[in-house]
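Consider the two complexes below, in which chain A is the common component and chain B and chain C are the respective partners.
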Partner chain A sequence: MSSNNPETVSEREVQKKSGPIFKVLDARNLKALVQKGLELGCRVFAPVKDDKLVTFEQVSSPDQVLLDGITTRMSPKSVVLPRTEKVFSYKIRKGEIVVENKDDFVVPAIIFGCRPCDAASFPIMDRLFRWDYQDKFWNKRREATLIVSISCLDCDDACFCTSVGLAPDSTEGSDVLLTLISRDQYLAEIMTEKGAEFVEKTGLFDEAGADLDKSSATRAVRQKLGKKFDVEKIKPWLDENYGNKFWGEVTRMCIGCGICTYVCPTCHCFDLVDEAHYDGGAKIKNWDACQFAAFTVHASGHNPRPDQVSRHRQRIMHKYKYYPDNLGAILCTGCGRCVRHCPMEVNLIRILKGISEIETVCGTQR
Partner chain B sequence: MIEQIRETAKKLLTGGEVKVVIGYENGGLPQTTRPVFITSPDEVGRLVWNKHCYANVARFLVRKEVASLGKPAIIAKGCDVKAIVVQIQESQVKRENVVILGVTCQGVGEPPLSKCPICDVNTPREYDYLFGEKIPPRTDINKFADAEEFEKKSPKERWEFWEKQLSKCIKCYACRQVCPLCYCEVCIADKNQPQWIETSSHTRGNYHWNLIRAWHLSGRCIDCLECERACPVGIPLSLLNRRLAKSVKERFGYEPGYDKEAAPPLTDFKQQDPQEFIK
Partner chain C sequence: MQNDASTAYSNVIESGEDALDNIYLPHLMVIKEIVQETPDVKSMKLVFQDEEMQKNFSFRTGQFGEFTVFGVGESTFNICSSQTWKDHIECCFRKVGRVTSALWQMNEGDIIGFRGPYGNWYPVERMEGKNILFIAGGIALPPVRCMIWHALDMRTKFKNITILYGARTVADLVFKRELAQWANRDDVTIVTTVDPGGETPDWKGKVGLVPIVLKGMAPSSDNAIALVCGPPIMIKFTLPVLLELGFAKEDIITSLENRMKCGLGKCGRCNVGKVYVCKDGPIFTASQVALLPEEY
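What follows is the complex of A and B.
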């Protein structure tokens, strides 16, 4: 399943041009895919109920898997970018320091049952982690991870994938995308060789007739989603309005917690910390967030982002201006988690809609 | 009721008595509201008051992004007022520098949040203006029932419970940021020379943060449950706080948030203190 050669963005695109392979899966066999994954020796991550919430966890049995929600509380990004991971650790023994490099951290993984918005986050982040510096932690895990996603047939008021160029049945980032096209049948779009290999090994898929099509199955949800803002108008406004008073007005209720960034499938900032003890220690990579005051504090004590307005602006600028400028993609898949889980209802959709509807440029001071 | 609130807000802003009215407006998602900061009398129509006014807006009295707007009036439920009382006790807010627009409240949320059935401040204890019919404080409630129940478990069971719950923590610090009483300019969790509280989300780091947070709120937490409402991974954080509040009540006969003149037990010390256990 994993390839030794790092798969580059361009290779992915070539594959896409050749078109997907279509197969069908009996709906009763959906969870059997989890069992097959486990039998193949993979770690399988899927939506599970954890007390009151549904979130992505590693599963040991198909019975744990819950597939009826819209999105899970946490996104599956932690499969590839764990919230805490050791870069290396060391032990001090009789005055000698022994460094323990952790090169065996990759066990094949399957992200099963994620939504197309979550699947799409991975190729977006590939652009960064495979840019000037090849991040070995990201890339090795990414190579060893297979993504089997399921198209959405419903949405809620926080969903806005269609407003950022995706769709409830986008194949972007999926190795296999499953769409329930009738009561008892999923249409499988097999997008990559990795996906084809898995489908072959499971032995659960059948040939698809040429007349099968997913568009009628997802038509209703597409209509319900509509377009919540005009994305074309966002970046041109951001290009010109760094200092606009709009930012202060729309972000004043932001309290600076990290929920929006931590539940986000595309936020990927991390911090490197040293945890040392008398007999050893470790260099550890932890999630970090631009919403924290300490994120940008200089050693001198100066903080170039001194207030929450500038921190919140940074998050939107990064997603809708800097990332498109530098890496050619919007760093947002419209999953809606930041909208759904913000304790103060800051609501990214409201802000982006506000930007897209600004007719005249306001003052330049906030 | 909302019309009277808007009218008062308008009067206060027009007369220049306050520069901003902190309240709620309708949110973008169904059954939500969003904290709003009204600075112009023309905008008071945005203010709403309903069952979905969850946020403890007292948080904003100690946030510089809002404090910089000038003297505030604040629409506050009984539980929000409890937070303001502690802010006054702890010299973070001067009583004369805030106009409290108290609202009587029968509970927020549908079904009501878990704090509401054990609320004894349906009518705020401190206010300049009061909106809604006065509701007499209930006396038949046991605020610590769940903490007492939890104490009956064995130490092993309690440890396992918290180990599982705290393992979910992702260190987003929403519990801190949403808390009206977590106003430290630099939180101990952000002190990184050295890093006192490990930022890692491993068991040790998670215990480290969550216990410090609860401990720093002992004798201070007014049980508004904002931490628990905000927590994106569903940790029952307030249970820790309630257990500490129970001890403070038993040992010192003190509950925070009711009397702005009272001396908080953990910040006040006299040689004549009667309690044997602290000598």
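What follows is the complex of A and C.
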């Protein structure tokens, strides 16, 4: 599609083809980077300590930012897909209804200090919101969001990014990925034009020597993570085993609280509801969860997913079969939040490990 | 509105552009006519408030829309009129939840919101030149009725038209005046039935469940396509009868009705397996349905 004449290829395209740009950032300048983002007029979202838990929130000062956790309690998905948002409002004027399109919702934002698993969730969800009908609420906010992520140097038992094709230092979804390669230096991989523009405007980054490499810095955590299950075996099993009694066994503990979907960086299902005042109202898009009975119940009372077994199976099927079938990507980045926060200790890793080992344990049942 | 923040990086979207590409924004429609079909079912004739919109609007028979009662909520209904009618659309609903109860209270001249048309439509080209058997149960006549009128408006393109419609009681039959209209035509065969105990002293139709009456009718499956809509339990017992009569699964068409919110394949609730009823459906053949898990 692009012209064959080399002179018309813009410099930016050349950059894109030549892969990421490498720079370095002095570790003492990390806070200054947040400050620059704020000075440039962006809303900056970063991990902050809220009571005892680390969450992703909008910050007004770099001092609020806390970067030593593994992952935050909530993912940063709410920056692009707010928990609740107005999609239009309306007024009643002299008996007439006037619908007002909502078009002032895009405020540039920087997601700072998120983990590579969280950064990777955004391009995965792009596929859905850009599928056929364009959801401009996601798309435009997404375009106006810059993601500066930081590679993990540690993990916990719930982390499993390496099992779903990602890594503690993968660049998917990041505009800039920072990796602490020595005690006082971050290696910055600048993945997009947006990232390059930001890096240049901050004036905090230096040229990187050609010998710098992140792999030795993250080797230890990659080894600690290992592979918790064989992802290649999951979908072939799901394709054949919708009705397997395995589902009843693994979901028996599930109480349908829905926390797995709320903390998940890739769960995106939503509800549309009306809110009214005396002279107008609005249509509100809210997060919703497949774990609730009301999610699918028909007006007649009939429910196609009548029990927790079918609802829990839906969540796993959606992530590891339906989404790959329709949109070509696993709807999971291995952040481990659903494992960490489940009050009943339903463990996705254990379930997926079980699935990947069923064939070797029981033989294939076809 | 120029935001200072646009200096941070250049990909900032200016507000105000593309005001019309909001996929959740409804068009306003005026309720032109309301008919109370049964004690708890009404049908409505709707016209776009914007005349240009009405002129340019087109849909295919079998598609659905999202209907908003402002301040109350949005419901998914099949557009139960035919694509051959250009001056209005119709919808039909049972008063059962919050939105339909609010819609029930509305009057002619009131305004509701409409998004659509969404989903696929009946495979009309495939049905042309064939005998068509329409089977409907209860409140599921509307999604069949749109195709019945479509076929009647283009009558010469179809061979025999047979309609079997059943409801729990005589009072629950919807579109009664049209049932009479169809009965009066000599190019339509229509059988109406009510469940045992649902008949009135002057009831002249059949008494019995749809699958049993269908068995008695024994329509030929020769060069025929069957279109079946009804409650899951009716579908479950009607399908085997059709197969016994020799209908191929590819020649049995139905419309699924899972709960929806967006109608656009985003909100994530109407899927049956990997199939989204809103995008891939609502119209499926029995052979397609047979491949799906039972989540409908």
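Here is the rule we go by: the second predicted complex is superposed on the first by the 336 of 366 C-alpha atoms of A that agree within 3 Å, B and C clash if a C-alpha of one lies under 4 Å from a C-alpha of the other, contacts with A are read in each partner's own complex, and residues count from 1 in each chain.
In the analysis below, contacts are C-beta pairs under 8 Å (C-beta built on N, C-alpha and C of every residue); 3 or more make two chains touch, one makes a residue touch a chain.
The structure presented is a predicted model; accordingly, all values stated were derived computationally and were not measured.
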{"item": "First, second, both or neither for A:V273, with chain B first and chain C second", "value": "both"}
{"item": "Chain B versus chain C as contact partner of A:E143, first or second or both or neither", "value": "second"}
{"item": "First (chain B), second (chain C), both or neither touched by A:R350", "value": "first"}
{"item": "Partner chain in contact with A:S300 - chain B first, chain C second, else both or neither", "value": "second"}
{"item": "First, second, both or neither for A:Y186, with chain B first and chain C second", "value": "neither"}
{"item": "Touched partner set for A:F160, first chain B, second chain C, both or neither", "value": "neither"}
{"item": "First (chain B), second (chain C), both or neither touched by A:F45", "value": "neither"}
{"item": "Partner, of chain C and chain B, that touches more residues belonging to chain A", "value": "C"}
{"item": "Touching partner for A:T84 - first (chain B), second (chain C), both, neither", "value": "first"}
{"item": "Those residues of chain A which chain B touches in one complex and chain C touches in the other", "value": "271, 273, 275, 288"}
{"item": "List of chain A residues in touch with chain B within their complex", "value": "50-53, 55, 73-74, 83-84, 157-158, 248, 252-253, 255-259, 261-263, 271, 273, 275, 284, 286-289, 292-294, 307-309, 339-341, 343-347, 349-350"}
{"item": "Parts of chain A lying in touch with chain C, wherever the complex brings them together", "value": "37, 40-43, 87-88, 90, 92, 96-97, 99, 101-108, 110, 128-129, 131-137, 140, 143-144, 146, 194, 197-198, 201, 242-243, 268-276, 281, 283, 285, 288, 290, 295-300, 302, 304-305, 310, 314, 317-318, 321-322, 325-326"}
{"item": "Footprint of chain A on chain C - complex, ascending", "value": "1, 3-13, 15-26, 28, 68-75, 94, 96-97, 100, 111, 113, 231-232, 257-259, 261-262, 264-274, 276, 279, 293-296"}
{"item": "Residue numbers on chain B that touch chain A, as the complex places them", "value": "27-30, 32-37, 55, 59-60, 63-66, 168, 170-174, 176-178, 190, 192, 195, 198-202, 205, 226, 229-230, 232-234"}
